[in-house]
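Going by the order they are written in, the chains are A, B and C; count residues from 1 in each one.
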Amino acid sequence: MSFVFYLIAALTLAGGLAAVLLRNTVHCALALTVAFAGLALLFLGLDAQFAGFAQILIYIGAVAILVVFAILLTRSSETMQEGVFSKSWFAGLVIAAGVFAVLGWAVLESAHALPFETAAPRVTVRDIGNALVGRYVLPLEIVALLLTAATIGAVIVALHEKERAR
Amino acid sequence: MAAASISVTLDQIFVLLRDWLVHFLPAALRPFASVVLGVVAIVAVFPGLFALTTVFERKGLGRMQNRLGPNRVGPFGFFQPIADGIKSLTKEDVIPFRADAAVHFLAPLVLVVAVFMGFAVLPVGRNMVLVDMDAGLLFFFAMGASTELSVFMAGWSSRNKYSILGAMRAVGQMISYEVPLLLSSVAVVMITGSLSLTKIVAAQNQYTGIFPHWYVFTPWGFAAFLMFAIAATAETNRTPFDLPEGESELVAGYFTEYSGFKFALFFLGEYLGMFSISGLGATLFFGGWSAPLSFLNVIPSWIWFFAKVMAAIFVFIWMRGTLPRLRQDQLMNFAWKFVLPFTLLDLMVTALWRFMGEGWARWVVCTAILAGAYVLMGRTAMQQKKFGPRSYRYAE
Amino acid sequence: MLGEGIIKGMLETAKNFAGSFVSADRLTTVEYPEQRIPTAENARVFPFLVYDGAGWEAGLRCVACQICEKECPPKCIYIEKSKDKKPDFVGKMQIYPVRFDIDISVCMSCQICVEVCPFEAIKMDTQFELATDDRFGGLLMDRQQLAKSNEYYHSIHPAEAAEVDARLAQEKTAAEAKAKAAAEAAAAKAAADAAKAAAAKPETPAAGGN
C-alpha cells in the first residue's frame, strides 16, 4: 500500500513540477492533467471513489480541456523564446508562499481538531448525496447560484461581442 | 429440472470457467488471477466484435445504398477485417516532421486505454462484471471524459490545420453533449437510488406478468433514453454528428496525420466507444442483461446483453446510412437549446414520477407533460429555423 | 413535428436495406472480373496503331510523319523514322517508323493524335486492363505491342472503322485512277514524243529502215 502511495505521490509531484517548469504551455497543461490523475488515484487509494471519479470527470474532463482551449484561443501555443519566469515572479512567489502557509496551517490545525482514526470511514455516494442536500444545502445552493451567475456573465460577454461585430 | 440447470450453467458458463481456471492457482493469487482473466476476456471480446462490426457496417451501408458491400475476402467478405488489419500493420508509421512526437505517440494510447477502462463496470451478464463499483456510472463517465483529452492531444500534436480543426470541433461537441448524456443518466439514478450499474440492472430485472420493468417503458425513461441516444451519438462522433472527422471537409479530422497501426488504434477506440456507450444505454434503459420477456430468461443473460449492444450498433449504422451531417452551429443550438432543456425537464418529471407514487395518474401526467413539451419545443424551434431546413446566411 | 423527417428517412433506408435482399434487380453492383458491362462504342482508353493484311510490320499504316508526336499534349509519343522505304496501301513508297513508343503512364487519352493523323494509322483502343508490376517498362508500349489489325479495329469500333475503310477505299480508287490517268498521260506523252521524234527525224528511221 505504502509503495503504491509513494509511486502515485511521485507521479503527482512530477506532473505538478512539469506543469510549472516546461516551456511549451500545452505541455504544461498536459502535465497538469497528469497531476490531476495522480490526485484522483490518491483519492481512490483512500477508498474515496466518489471524490476520485469526480476529480477525473471534472478536472481532466473539463478543467484541463478548458485550460487547453484557453491557451489555444488566446495566444500561440509555441514555445516561448525567453525564460518561463514572468516579470512579476517575486509577487507570485509571495502569494504562492502565503497560500501554501495558510493551507499548511489549516491542515496541521485540523489534525488536532479531529479525533484520531485508525481506519478511513466508509463513505458511500449515498452519504455524500444526503450530506449535500441535507446539512450542506446552503453552501451548495450558494455555489450553484455563483456558477449560474458566472454562466450568465459568460453568455452576456459573448452576446456583447456579437452585437459589436454587426 | 434438467433443462433449467442446463440453462443456468450456460448462463454462468464464463463465470464457472473462470473459477475453474483460477482454482489451479494458490489461494493468495486467486482474486488477482480472476481479475486478470476478466480483463483478458474484455480485451479479446470487444476488439473481435469491432472487427465483425466493421464488415457488418460496410455491408449494411452497402445494402442501404443498393450495393453489395465487401464480398471478396473469404466467404461473403467476412475476412475483410483480417486483410484490413494486416494492411494497417504493414503500413509505414509516418510522424509529421513538425509534429510533437511524444504527444503524437501518446494520444492513441490514452484513447484506447480510457475507452477500455469503461468496460470494467459494464455488467455484460448475470454475475459478469469486472469491478462492481459503488460509483460505477461515475467511473464510466470519468473514463469517457478522459477520451476528450486524447482527441485534443492527437489534433494539437499533429501540427496540421485539419487535425486541429477536427480536434476543436470534437472537443466542443463532446463537452456540449456530455451534459445531456450525464443528466439523462441521472434520471435513472434518481429512480434506482444507486450509481452502481449492477443495482440498476437488478432494479429493472423484474417482471409484471411477462413484461419487464425496463425504464424505457416509462414516460420519463423513454424521454431520457431519446436524449441519451442523441447525446451518445454525438459523443461517439457518429453521423449525423460526425463533424470532427467529416471526410469531405477535414480529411479525417483529428487523426488525419496518423497512419498504419496508430490510425487503426483510433478506429478501434472509436468503435469501442460505440460499444461501451451502447452497453451503457442498454444497461440504463433496456435492463442490461435481463430478457425482454420473462419466459425468455432460459437464454443466457450475456446473449441478451450482446444482442442489445448489436441492435444499438445496427441503429448507429442505420442512422449513418440515412442522415446527412449537421453544421457546427446547428449542432450547438441543438445541444444547448433543445436537448439540454428537455433533459432538465425530464429530470423534473422523473422527480414527479418518484413522488406521485404507484397508480395510473403518474403515467398520464408525466406523458402529458413530456409529449406537450416535446411538441411545443419542436414547433417553436422549427419556426425559428434553429434546426429546421438549412438557411444559408452568406449565400443569399 | 420535430423528428418526423428523420423517421421518414430511416424508413426509406430500411426499405432499401430489406429490398436489396429480396429483389436482385435493385442491386446496381456489377461484380467486375466475372461480370462485365460491354464497353460503349465510343469508349477510348489508349491509342494503338492499325495495320492492314496479315503481317503487322509490313501492313502498318503509319508513315512516321511525326504529326502526332508533335501534337501530343503530354508528349508521350516517340517516333524514329526509317532510312529505307516500303510501299503503303496504295503501293506508294513511304518511310515507316522503326520505333514508335507510347508511354501510357503519361498518355491522357485525349485522342488528339487520332484527330491529326492524315493516314488513319492511329486509333483509340478500348483495352483498359493494363495494370502491371513494372511501372517503367510495363507501361511503355513499343510498336509491336501497339500494332493491332484492322479486323480488331472493326471489332471494337464497327461504325467508325467502316467509315474509315470507305474513305481509304475511295482514296485508293482515286489514287489508282490518278495513277491510271498518269500512266495514260505518260503513255500518250510517250506516244506523242515518239510521233514528234518521228516527225522531226523522218529520215533516220527511214534511213535506218533503208
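Note that a contact is a pair of C-beta atoms (placed from the backbone, for glycine too) under 8 Å apart; a residue touches a chain by one contact, two chains touch by 3 or more.
Quick caveat: nothing in here was measured; it's all calculated off a predicted structure.
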Between the pairs B-C and A-B, the one where more C-beta pairs touch: A-B
Chain separated most widely from chain A, comparing mean CA positions: C
Between the Cα centroids of chain A and chain C the separation in whole angstrom comes to 79
Roughly how many whole angstrom separate the Cα centroids of chain B and chain C? 61
How many Å are there between the centre of chain A and the centre of chain B, using C-alpha atoms for each centre? 29
For a test of understanding, state which residues of chain C touch chain B in their complex under the given definition. 1-3, 6, 9-10, 12-14, 16-17, 19-21, 26-29, 31
Under the stated contact criterion, what part of chain A meets chain B in this complex? 24, 26-27, 30, 33, 40, 49-50, 53-54, 56-57, 60-62, 64-65, 68-69, 72, 77, 124-126
Mind listing the chain B positions that touch chain C in their complex? 60, 63-68, 71, 318-319, 321-323, 338, 374-375, 377-379, 381-382
Touch list for chain B against partner chain A, complex: 100, 103, 133-135, 138-139, 141-146, 148-149, 152-153, 156, 164, 168, 171, 175, 178, 193-195
